[in-house]
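Listed below are the structures to be examined.
Here chain A shows up in two complexes: once beside chain B, once beside chain C.
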Partner chain A sequence: MVSDAPVIAPSSPLPVGDARRLGQIEQHDTLAARNSRLAVGDLLTVRVRRFDGTAELQEFQVPYRKWMRVLDALNWIADNAASDLAYRWFCGSKMCGTCAVRMNGREVLACWEAVEPEMTLEPLRNLPVVRDLLVDRAPFERKVAELEPWLERRAPYPSFPEPLSHKDMKDASKALDCIGCMCCYSACPVIGLGDLTDFAGPAPLVQLGQTALDPRNHDVKIAHSLARTGIFHCVSCYKCEEVCPAAIPIVSQVIEPLKAKAAALLPKMAKHPRALRAVVALRGRVDPSALVLRVQGWRVLGNLPRALRLLVRGKIDPIKTLLRRKTSAAAAAARLLEGKGRR
Partner chain B sequence: MQVLNTDVAIVGGGAAGCYAALNLHRAGHKAVIVCKGLVGKSGASIFAGNLVLSGRALGNSEEQARNTAEFLIKYHNQFLIDQRWARRCGQWIENVYYPELEEAGLYLRRDEQGHVVTSPGKIRSVAANVQGNSGVPFMDLRRKQVIKAQIPRLEETAVTALLRKPDGSVGGVFGLDVISGEYVVLLARAVILATGYSDRLHARSTGTREMSGDGIAMAWRVGAAMANLEMQWWHTNDIADPPAWQRMQVYPNPMLGSDKSARMVNSAGEEFFNQQQDDPLAYGPYTVQLKALARQVHAGKARYDGGYFAGFDHCDPREVDAYTTYGKSYRQLGLRFPEELVEAAVTAHYRQGGIDVDPETMRSSVPGLYVAGGLGGHSNGLIGLATYDGKVVADGVAADLARLPPCDLPEAEIERERRRLEELRVSRADGIAPAQVKERVRAMMWEKVGVEKSAASLTSALDDIAEIRLTLLPRLSVKRTARGTNYEWLDAIDVINMVDACELIIQSSLERKESRGPFMRRDFPLQDNARWLVANVMQRTENGFRFEQRPYELPFFQPGFVTRDNLEVAW
Partner chain C sequence: MKFAYYPGCSARSTCAELNEATHNVAARLGLALTHLDSATCTGARELRAIDPVGFHTLNVRILALAEREGLPLMTVCNTCTLNLLDAHAAFVAEPELAAEVNARLAEEGLHYSGRTRISHFLWVLYEDIGIERLRQLVVNPLTGLTVAAFYGCHITRPPARYGFVDSRNNVALERLAEILGCRPIDYSGRTECCGFHTAAHDERVAIKLTGQHIKSAKSNGARTMVTPCPLCHTVLDGFQREIEKDMGEKLDMPVLHLPQLVGLALGLTPEDLRLDRHMVKTQAIASIPSA
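Take a look at the complex of A and B:
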């Protein structure tokens, strides 16, 4: 298929299998493209959500300078137009993780992301706004501390250097790239549900993953931490992975391995996902009535009116479930789920 | 106003402050960390790109062990260091630091077979997880250790003054919680200043946003002596643009798992620095690099603020990407990596000098006031050295605590500081924004107290300081006068510290009449070991200050010449 749109070659072969980069090339959305859209001296239209008790959008015209980042634009505004603008940053170079904001509805690290010709800057979601773009990090910090993300060794420390290989540390090492910027925490739809779930959120899970995916850590300690994560509320929507400025494969290399650990160490916590997996392995598809039976057991009798409603709407089909016809999909699912390719 | 009591108040949440707090806690003393940013997330320590091995650690040969010591004393401190402290520090790094960090969980990068990956050469480095980013997991670990030990933290709280007991000794700090705008008084039997090297005083500097020379300015106000304040280190290849990235370095150190490192090219496209040729043994590339650049500047083929380029175009990208983060900035700018180079510029990095301390105990010249890490005037930065300071200061304070009485509320001092700060939170019709004055100070420091300076430029800088004091500081004005999250107010507090710290630095620079390592005087180009192999100590007096010279002992390493053109000296 030939497209008329200008093809912008990526600067180097892009890593594949990484949600963050999927679709970038197709949409001509590479950094090379974003950086070449503006010329020095062009005026950017920057709308900043100001909040000091009441919220309003304030518009600024900011002259573009070479390789301008969102933070450079904010600094320009503070130096030239609104000296009272509240926003947090310390290092300006993707290390401290304190300058994250939402730009045109997407979480970005202000020091790292190229400006856009028109951009609306808002504070992160899912955290209380103190003023303007400044959010209160305390809820996140509290959650991290509650998870006790530190090492309790399964065996006494031998001596330096201890036996350990990068293979053992592959997932933990990815989590160690986390700078605690909370882009993922803001983007997470489950966190957005507020107190409806006890889900700790992607950022606290990544912080936990740094030690919980470390083979030196004790299973009892890991289980103790995982029990407080509500990890199975994660819907694997990959929003976190998409916005992570450190390009951490949050779902595939942190949350999924943590879920596997939770399923192994805390089987009760994983009742629903284990049942789902067993059903899919058996039938090659999601069978709601089998799932409900496995998860609820005899308690399902207390929910008869609901079961009837589901039956009437065609959501469950007990007859089909009972007949259990084996399909080729079931064989494939069993091979995939129980064979190789799973950790 | 909140009033808190503790045994030890620690100002600063970086490598030195955290380690001091953890050691004091372990010894059963109550410590509180007050941090202008966030503990382990702001300040200099997160910039530690790689970790230098010391002594015989990790199979270092005798020669490599000796080289590390030589590197520290000669290339890193140009002999302005207590060599016995350096030896103790090296032994501690070898025997305690690495095992303790690893036991706590720090992941020192391994290969698939399980070998710790090092850079090759006469001085070897390792990395925490990935080279270029080691400081982040390192400090994250410290932050969690502090949380686990339940050591109280006052974060985003700027200490604005040291409080004194009636006998003149230091017994607490006065601070401003930047978020709530409330004042806090922390009374203690001893205070440890660990605010890092005093950066963000130059137009280009590696220090984080909140760093403004507070430690130097506050210590000087209570009468502490300073040492070698003029000894400023520079990064030679930090990224020129965008401005927020001025503290991102194109590392000249050899890469982990490779003998290669960044090369530098002048405006005519000629290579002028390549570690493999110019500094093959990885001896302190920083000064070597800076001197190479100075020659290019003299030849008109580069400027200190740009016009030259750095990169890895002679490397295989897989080699760079294996263990380092070095490609990330190129890719984020949309440059082809590693084929394209990035424009580089000089950036003020850490200051070797600082508050004068006794390196056996980290006592300053003022009773009750101790110093640790980059702020101390006894050695250059490096996260291992700063951490060792944290241990030494904890031991020093613990030994003295019995003799240091608790501090009664110094009401008059508190009232004076409160009034001083309130007067900075005003809006004036003819006022000037504090951030503008900061920029003015930084521009002046860059122009007149930059890489190369002279009596003329320094005297002119002093005139500028006097003018800023006379015409700008009295007109500081904030747009919004509410107390909470008032960063303009913080800027006003900062800029007064900056002006004070800059004046001390300029005076010290005038006093040292030689060139040494990264300290370059156009009017005194010779390194003069006969007269200046001394600590340049600045003492506060009744009516100003005076300088004293304190010679260094040279038990293990000696320069081997009396005078020589500094640009001709390797280090």
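Take a look at the complex of A and C:
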């Protein structure tokens, strides 16, 4: 078994001094750079997951032409090899957000991604497959409608121009860059777990952020929407940011500001963050037992077997948890976090 | 080579073995670590979401403590690293925020001017120790040990912070494992998420997500996993029993902290590295060196 294991082999000598950027080569891996590895007439091997998303891959040989994108390869297949191939596109210029697919395991816009010599093209995940690369966007649209992402003003419209600064609109303006392509929705691991949680997912939250992060919106309206987002199920993995073709900082400038609003407007939703804040303010650091006790209350009894195992390995220390030491870190945290957020 | 050392909360509690291993490995590598005694938590993911000013203040305070020592700051936790990097970036980019934070720090005579270099232990190995030096220090190559590297999220993402368009191309851990004599394997979980950050209120997400990753590592032939993050370790190792129960199969996958894997290759003993403090038994790994 071990000898057959796929091994990650370095393709070039080890670069020194840039461990944090060993993936950066990708940054220069733009359409032009990738295309430069191919010559006109080269045959690309394109495998497409067809039919209901579970069928075998169908393989096509596609002749490369200059500046070829994934979309061009799909168009060639539809014109020359499989006229029944189902895929969606409209603008061809990174605006309409309809052509997203998964290429070699990652979410891309077909119209903005260079072809690879070998490509596996699959439909987006986490949405029902209609046929071939076509997915049904209805679950996303239903969720967005449920969140009622519109603006209800606190006061009547004053007059034009409205007193808004770029700082007021900083986060909302990022959300407004969304082209609704569903790349993030496909990449989100929590959405991938289906009905396990009530998490709305990155794409619906970005749609909500367009108005919920707008300072003109009414708090009552925002709270009403946020209550249906399950937003604290976001695991902060940044998978959504990694694939977003519009480069929206989805976690740090949409989901986190929305979490801040939820914590202020619906404190019960934010039990975990508020408990962490209280533990840090009290102890300077996180004592995991103290945090879990605060968040889970009596539910913690369900975890007794693990608690015992952790105790045996010395991973938790109930005495330390109970007899909280007065440390210099605790004094600093108490002063700096004083009063705020202790609802 | 001197560093201010910031272990973070996890390495001071549930993952205390990481703290101990880091100290022993640092000594072997010739790194002198200075403790920042009054350093607080960086606020995990939770504080930064609900209290941005509190978050920035705590993090900049840690950076100011290191700056006062005149030392770069070494971390051993992904999330702490990202929090500190983010706070530093915000401090530099937003003068108003910087002034507000410094005003609060002034109450205890602290000031940050934006000079602290933040580096994770993984990067210190590459950037400060250097690969050639590390190669020389390997006295106990872990020949034949198949390793699945589990990066975790916050050491490669968000892309804007690290300059990756696709973090899945990061091979820093695999290349390091090779230098230590191991055989890094490819599997689907390499740069996926362990779900730790919602585990305090709902473990099911962590259990479901991480189960897939361990299973993939196992079926691709890994004898151990290694991670640069104690939060990932807590789920991979600490929750493995619950994960097995959820999947209905045994996994028995030992999970090492990065300094532990390095330490084994540098000739430290399993006792030095506190391999006994893991939930999943590590004997099979501990017997690899000098065997």
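Everything that follows uses one rule, which is that the second predicted complex is superposed on the first by the 262 of 343 C-alpha atoms of A that agree within 3 Å, B and C clash if a C-alpha of one lies under 4 Å from a C-alpha of the other, contacts with A are read in each partner's own complex, and residues count from 1 in each chain.
Keep this in mind: a residue touches a chain if its C-beta (ideal position, glycine included) is under 8 Å from a C-beta of that chain, and two chains touch if they have at least 3 such contacts.
Predicted model only: the values in this text are computed from it and were never measured.
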First, second, both or neither for A:95, with chain B first and chain C second: first
Touched partner set for A:208, first chain B, second chain C, both or neither: neither
Partner chain in contact with A:234 - chain B first, chain C second, else both or neither: second
Partner chain in contact with A:309 - chain B first, chain C second, else both or neither: second
Chain B versus chain C as contact partner of A:161, first or second or both or neither: first
Partner chain(s) touched by A:173 [first = chain B, second = chain C, both, neither]: first
First, second, both or neither for A:263, with chain B first and chain C second: second
Partner chain in contact with A:77 - chain B first, chain C second, else both or neither: neither
Chain B or chain C, by number of chain A residues touched: C
Contacts of A:189 with chain B and chain C, given as first, second, both or neither: second
Footprint overlap on chain A, comparing chain B with chain C: none
Complex contact set, residues of chain A against chain B: 11-12, 30-36, 52, 65-69, 71-72, 75, 78-79, 82-84, 86, 89-98, 111-112, 130-131, 134, 136-137, 145, 148-151, 153, 157, 159-167, 169, 172-173, 176-180, 210-211, 214, 216
In the complex with chain A, residue positions of chain C that touch it: 9-10, 12-16, 37-41, 43-54, 57-58, 61, 86, 104, 107-108, 120, 122-123, 125-127, 130-132, 146, 153-160, 162-172, 174-175, 178-179, 183-187, 192-193, 195-198, 200-202, 204-205, 208-209, 220-223, 238-239, 241-242, 276-279
Touch list for chain A against partner chain C, complex: 1-8, 10, 14, 16-27, 29, 105-106, 189-190, 193, 196-197, 232-239, 241-242, 247, 249, 251-252, 255-256, 259-260, 263-264, 270-277, 280, 284-288, 291-292, 295-296, 306, 309-310, 313-317, 327-329, 331-333, 335-337, 340-341
Residues of chain B touching chain A in the complex: 37-38, 41-43, 46-47, 57-58, 98-99, 102-105, 107-114, 116, 128-130, 133, 135-137, 140, 144-145, 147-148, 179, 208-210, 241-248, 317, 328, 330-337, 433, 435-436, 439, 478-480, 482, 484-488
